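Below, chain A partners chain B and then partners chain C, in two separate complexes.
What follows is the complex of A and B.
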């Protein structure tokens, strides 16, 4: 940990040292950004910031690369504790509730008021599924920047070999099981999904939503629906895939193992993020196709991704500069360009009306499938103690995947643990009565 | 006379001056060690003692996350909560299994390696390098390598097992196996390093005793058991302490490979502290757990230092 903190500090020092001489009238602000996927994204972000700094004179943005999503949260909070909070941070969107509760990030409502606009008018251009994660307790706290959903990837060659039509990937859970049984052969798995921490919670949310559920109360941070029929069904489904239908291996496979198995032809269908699209496009030797996450009750997937937040403790000038920078980063043009570069969705609908974007979608039909699934997207879980509450479910589902627990017991225990974790908050809010 | 008197007076002044200078020099000499120590003492205080005091203070306070309540003094409340937390107990138990699971094979292997390569021939120089190589790889890099070795079905380990007609378990994804996979990686990484200490220790095994044993007809096992091992006792004690401390204070591979999963099966105390502080906003609890593990480390090193001293005296 200390090593990470130290690296962060030295990166910061280097950035400060490399900062060009700037006029005193300029407002200098710091911008922390993570790169969840790979190094070339960091270069692109640095290029964007340079472009912004050269485009105007009032604000000088110092871009600081801060590792992954978790490291970025850690470093931003550490900097805030040390009295030097970064003005703008690109933060995993489901941390917003916790960061608001811990008093780290500021409401963006005053900026909207100063521009005489309303939250609804401001968010109108953003995909509806993104609104819930941008707003905490009725106020705007984050501006969506890039987003993803889970997606089903399948091996076209395996489909042909098993006598399945690659043009008709499974749309329902029943069809998934059916196809998986035909595809599984020897040491080849019909279906595989990442089950490491973080990814598993997201995919269980996808499955419970496809089963008609909500996973959490998107209006209130003190409730999750782990022991409800929608999650119970999803858990039993995963259990059956392993122990009854035997189309998925026992135990936990991390995301890196899932994509490697898919590339090696050892897994015929996998659930991965749309954020992996470019990675799979570049590395998959055999033919592949993409499809919606199969449904049991309805089509629904959770959103994932990051939004721009502002940390408390800025000067008046710093606040204004931060907001100005956020507005520039979230124009339809910038978001569209970033989306084409990274493979993430652009959160603004208008970004897809631009001719460059239309051309890009026409050239990449798999990106089109991912885009078509967006109207079915729902908010990402974000509660009080988001990580711990998510882990409460993940630990139990992992035990189930290892054959240590049955689905019914697993979701019950997960709910109990989650309720315990959220109790302090619930007692101070929903159960605090006059 | 007057000249002599003047000279005498001068001499006495000089004497006094010299005495003063000597006492000043002596005082300076007394201060010198402290002056020389000052820089490192300062940094030790700033970066070791101060943080310990700070953590001690933090561990007595609690600021419940997200409830709007301020920081409040809770005495030993955080300690009680940590000790009652099943996740902490599991992490502590895992840490114990991990420490012993790594320590014993590491010591055996390190000694075996050292015995194999103690003579300086060209071959043993090559072997030494090969055994020592894993220690040169940073733990994070080693873990990233083993991520691919352990990949279920497609990893290097399963690839070769398949050639032998065997199929391995899900090395990191099976909650019964995962901790042992992490242990295996750590043994691979550490054994070569501790071999160095044993090579040095073997140089101090008295030759005449060995020769006497040989003349008395002791076989190789008896020489190892009754001559070499007792002579190596201080080395073993030292390596044990160093190894145990290292095993409690590094979790890089856990972060890279499993993040404590599946179902907390590979969670270690240090990673538990990280989770409490940086994932769960429970700084008080994290501070208490930190202090508990620092106390264990202190007890461990004090205890074994005493053992080592006794060993050294017995030896001398």
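What follows is the complex of A and C.
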């Protein structure tokens, strides 16, 4: 017997031994979920799915942890192309347009029709700002699950030390610069914001919206407004924070570095997601406060977070099972519990009428600020080729933050790149003339 | 030799100091990971970036990391993947290497270069086609599915071909005269002499697949089949939250520990193999 033959045999035996077992009476569906904040959320999600599986007999959900938001999109689309589409996916809320255009996700309208309800009636209970990202081309494609907005976090001890009133955090860009100048000293920065991929695009959207802008066309996936006054002003503002006012360090800081600097007292004010609220509450040793994102023209912030979508290619039973699971995950009770656990806000308004939620808000006034900012929230950036179009802006702004480009040139170049990326879609739609 | 001249000119102590400084720079990320993994959570504000342990060490971070997943299972799965894969690869790359080095057939060199071309492809471009094949073979969501695309390694074949080419033909000819069939020549004559090449390949293969994230993430769904890197990602891939550096460091150490221990134990063997086979890390 040669080694080769022996190895061959054992390899074959191993393959056979590890073939997955299939076929039972229940409808088995796969649920892909990313972990947007930290490891313990993966455990909580696994616990929720287990709870669901034990609560009924017809559907068995297999919860699959799939990395970050971008990894989840990659894996779900690759699986769909290979003939193994997941039934339900928790997907970054601004991927819906892209996924619908690529034909990956299914319209949820048939389920609403089967239950004799309308889209408007169904979305009634969800915060109005969330509707635009859930609906694509007039049909429901995603059910919001957890959501966030950017928030200004500030160090109360630093405020007192610099002679600022902690009860009056900066409300405008002018006040932000003014406070930042007083707060910055030595190696302590007055202000800091994450500038890694994904986060930067979202915060630039917040700043351009606070400057009166829209960032993108909510009704049409082929337009972004990068070289308009609202975004130009936002870009110049960030440039000035670094090079003119010198209250923010030059270069790109990732989100993890921003929260660590905030905890360490190296940054007095930071822009971070409401999704970080629980994490900051648990880890910040000094006093801190939260406030709206400061405005230049008006108060406005984009929504962030994730919604539940269903992939095409399911059996009839699989579709029904997927929808049933989505409905269970998005009851006011489940959403409220998840919100208290994570710091995200619950997308259903009725979740806040529950006694546990009222008590929670009373105990944590910072959560109330996040809630109060919601009426000013607007849809999250979503276009054809969302990720690439977002990166077109992020690459330019990062170059600007590194001192390699001026704001005016950066937004111009970003617009050019974004237009090129969206051209195929634009040619097929707005520029396709009779 | 330039190195010898340099060594003669620099006094011994200075050379040691210089090399220590370089070694320290090289090792500082690892040192930080070790220090951070034992740092209590509350010390975060004191100096998370500090290399000096200014606290009472705690095992809390390791406990948190271990609780965030079934690490025992991850270790077993990763071990199955890297050893199973290596076993199959040893067979395929030595046979293919032998064919390209010793057998004569039309188009051999063209075929060899075509084979090498796959080294130029970026792995993400192959995700969808490979995943389709894995599904067709019924290997989706299984550990063999994680291994399958790497069974025939271009790098390994190249390395073994070069190793065989460097061996003198005299031994094989002697065996052939004694009537040994080709497989006996490979098994009894060539492979024992090519051992350093195989060991060098084994190190590269094991570390690459031990650390791989994207492909296992694509293939594996069931928690029971997850590998270490996917388990680790649970606390490194957070997007919106802050980073729990201590837990992250502890998790990273847990993942790398077996490889690090193995390397330290067999260090001399490994270094010899690399020197012999001409592969540099």
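In this text, the second predicted complex is superposed on the first by the 409 of 434 C-alpha atoms of A that agree within 3 Å, B and C clash if a C-alpha of one lies under 4 Å from a C-alpha of the other, contacts with A are read in each partner's own complex, and residues count from 1 in each chain.
As a convention for this text, a contact is a pair of C-beta atoms (placed from the backbone, for glycine too) under 8 Å apart; a residue touches a chain by one contact, two chains touch by 3 or more.
Keep in mind that what you see is a predicted model, and the values were worked out from it rather than measured.
> Between chain B (first) and chain C (second), which does A:210 come into contact with in this model arrangement: first, second, both, or neither?
Neither partner.
> Now for A:384: first (chain B), second (chain C), both, or neither, which partner does it touch?
Only chain B; A:384 stays clear of chain C.
> Have a look at where A:69 lands relative to chain B and chain C in the superposition and call it first, second, both or neither.
Second partner only.
> One more residue to check, A:401. First (chain B), second (chain C), both or neither?
Touch partner of A:401: chain B, not chain C.
> Between chain B and chain C, whom does A:195 touch in the aligned arrangement: first, second, both, or neither?
The first partner, chain B, only.
> Please work out whether A:276 is in contact with chain B alone, chain C alone, both, or neither, and reply first, second, both or neither.
second
> In the overlaid three-chain picture, which partner chain does A:155 touch, first (chain B) or second (chain C), both, or neither?
It touches nothing on chain B or chain C.
> Quick one: classify A:256 as touching chain B (first), chain C (second), both or neither.
both
> Please determine whether it is chain B or chain C that touches the greater number of chain A residues.
Counted on chain A, the partner with more touching residues turns out to be C.
> Does the superposition put A:98 against chain B (first), chain C (second), both, or neither?
Touch status of A:98: first partner only.
> Using the superposition described at the top, list the residues of chain A that contact chain B and also contact chain C.
74, 256, 260, 264
> Under the touch definition given earlier, write down the residues of chain A that touch chain B in their complex.
1, 70, 73-74, 77, 98, 101-102, 187, 189, 195-197, 221, 249-254, 256-257, 260-261, 264, 266, 384-385, 387-388, 391, 394-396, 398-399, 401-402, 404, 424-425, 427-428
> With touch defined as at the start, can you tell me which chain B residues reach chain A in the complex?
So the residues of chain B in touch with chain A come to 64-69, 147-148, 151-154, 162, 167, 169-170, 172-176, 258-264, 274-275, 278-281.
> Could you list, by residue number, the parts of chain A that touch chain C in their complex?
Those residues of chain A that touch chain C are 2-4, 7-8, 10-11, 14-15, 18-20, 30, 34-40, 42-43, 46, 62-69, 71, 74-75, 78-79, 81-84, 148, 198-199, 255-256, 258-260, 263-265, 272-273, 275-276, 279-280, 283, 285-286, 304.
> Residues of chain C touching chain A in their complex?
It is residues 41-42, 44-48, 67-69, 80, 84, 87-88, 90-91, 95, 127-128, 131-132, 134-135, 138-144, 183, 187, 213-214, 217-218, 221-223, 226, 230, 233-235, 237-245, 247 of chain C that touch chain A.
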